[in-house]
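In what follows, structures are represented as structure tokens.
In what follows, chain A forms one complex with chain B and a second complex with chain C.
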Partner chain A sequence: MSESLSMQVFDISASALAAERTRLAVISQNIANAQVTKGADGEPYRRHKVVFRSVLEDEVKRRSGQGGALPAGAVRVDIAKVPGDFESVKDPSHPHADALGMVRMPNVNVIDEMVDMVDASRTYEANLSALRTWKQMLARTLEMTR
Partner chain B sequence: MSPLDVSQVRSLLEQAQQGVKGQATPSPAREFSDLLAETSAQQKGAEKAFEDYALSGKGELHDVMTQMAKADVTFKFLLEVRNKLTDAWTELSRLQV
Partner chain C sequence: MSDLTRGFDVAAKLLDFTSARARALATNIAHASQPGWRRVDVEFGALLEAVRLERDGGRKGALARVEPEARIDESALPGSNGNSVDFEREQVQSDKNALLHQLATEFINSKLNGLRSAIRGQA
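Coming up: the complex of A and B.
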């Protein structure tokens, strides 16, 4: 059963909520790992970032019939690693310090993460507002015949 | 959680309309029956999402809430249609013969 457009609005907002949830999870991960100087690959932790992309019409058509497809206009997120140099800090007592006493720190700036967090929180609220407003509009429409 | 199962009403309706006519003809009863099916599906979807989340810890909170919002809207629409139909019936029954 294909859903009516008025119901797809709920799915579009829900996809944005899911995207912001993922974004906040990535921010939490960045903050939690901000001091990790040696990961599984021996490198310092590399900052992750979410990349938003919208679900396009043709993608929806290609996936139609498989079930669970998002409506056109919904968003998806990909998680990417942020390239860039690691900052070196002098800390000779650190177990991961090199011969010169320098330790390479992750390319995470906690202040940037906090700003992103505020943005994620506000965007989540905005999408919740869109959803709530649409529900109220539908409720008003139902009162039309009274 | 034991919601009202609207599909029971639907089967009664289908029996009633099959007694009157064939199946394929579009009628208010058929339309209403389809709407009942849709409402029932939405409610079952919301119930399943709720149970998956609350009991099995599967799914996402916002998905449960949007499913419930959808079921709410569909059910309110069903109520409005029912009110309209019963109003029409009351209006007809008041006709002078």
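Coming up: the complex of A and C.
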């Protein structure tokens, strides 16, 4: 991309802020659905997870000329469903219980989600601080021309 | 190069290096959640060597040719998920880098102010 280095650093930090925000949104969704035993597909809710990907140099070259592309070093996230078996608990009074009185629960562990949430929120702050440092450096550079 | 502008070239190169390093450190923080990411960093040794060659070795153009390069930091030990980014270090290095950037800008500033005074004929 022909964009200057100064703007690229902003884009890198901004891409990470967006990624961490997506991660927080997915965590909220997991916690909100932690007790959903039957979704639209008739199955219990399956935990979602964000997967990070770097924007690499060759990808930037391939897309050069197209507007809005992220610079190399930026991050992108995909949202994936986490495989694994659903845990069954005995609850015969539950409307979704099978003939044996077992209910299949979502594969969400709320404690794991909470830990992940703290991590995502701290990482968001760190990126914000990197952005602020860069902004100050640019401001000082601009002051040279006064 | 006259006395009034001496060191401009070094300060300008230093700004190139601090900018490149800020980018590397921002990239590391951006990848803090990505398993397997090895932290990258910009070494300033090449700049020092270029200044030495240009000043003492009389090798003209050594300083103009040196460019900052971001490399994987092999000395940083990766954690259990293969990621070697550590927030505290990135933060401290980032503050240090910003100070160095400020040093270069203030140096250029004071030189420019000196030139300005000279042009106006003020003491």
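The rule is simple: the second predicted complex is superposed on the first by the 140 of 146 C-alpha atoms of A that agree within 3 Å, B and C clash if a C-alpha of one lies under 4 Å from a C-alpha of the other, contacts with A are read in each partner's own complex, and residues count from 1 in each chain.
By our rule, a residue touches a chain if its C-beta (ideal position, glycine included) is under 8 Å from a C-beta of that chain, and two chains touch if they have at least 3 such contacts.
If you're wondering where the values come from, they're calculated on a predicted model, not measured in any experiment.
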item: Room on chain A for both chain B and chain C (clash or fit); value: fit
item: Partner chain in contact with A:Met7 - chain B first, chain C second, else both or neither; value: first
item: First, second, both or neither for A:Ser121, with chain B first and chain C second; value: neither
item: If touched residues of chain A are counted for chain B and for chain C, the larger one; value: C
item: Chain B versus chain C as contact partner of A:Phe52, first or second or both or neither; value: second
item: First (chain B), second (chain C), both or neither touched by A:Gln136; value: second
item: First, second, both or neither for A:Ala74, with chain B first and chain C second; value: second
item: Chain B versus chain C as contact partner of A:Ala19, first or second or both or neither; value: second
item: Superposition-derived minimum Cα distance between chain C and chain B (Å); value: 5
item: Residues on chain A lying within both footprints (that of chain B and that of chain C); value: 6, 13, 131
item: Of all residues in chain B, those that touch chain A in their complex; value: 38, 41, 60, 62-63, 66, 69-70, 72-74, 76-77, 80, 84
item: Chain A-touching residues of chain C, taken from the complex the two chains share; value: 15, 18-20, 22-23, 25-27, 29-35, 37, 87, 90-91, 94-95, 98, 101-102, 105-106, 108-109, 112
item: Residue ranges of chain A touching chain B (in the complex, touch as defined); value: 1, 6-7, 10-11, 13-14, 17-18, 21, 131, 135, 138-139, 142, 145
item: In the complex, chain A residues that touch chain C; value: 5-6, 8-9, 12-13, 15-16, 19-20, 23, 52-54, 73-75, 119-120, 122-123, 126-127, 129-131, 133-134, 136-137, 140-141, 143-144
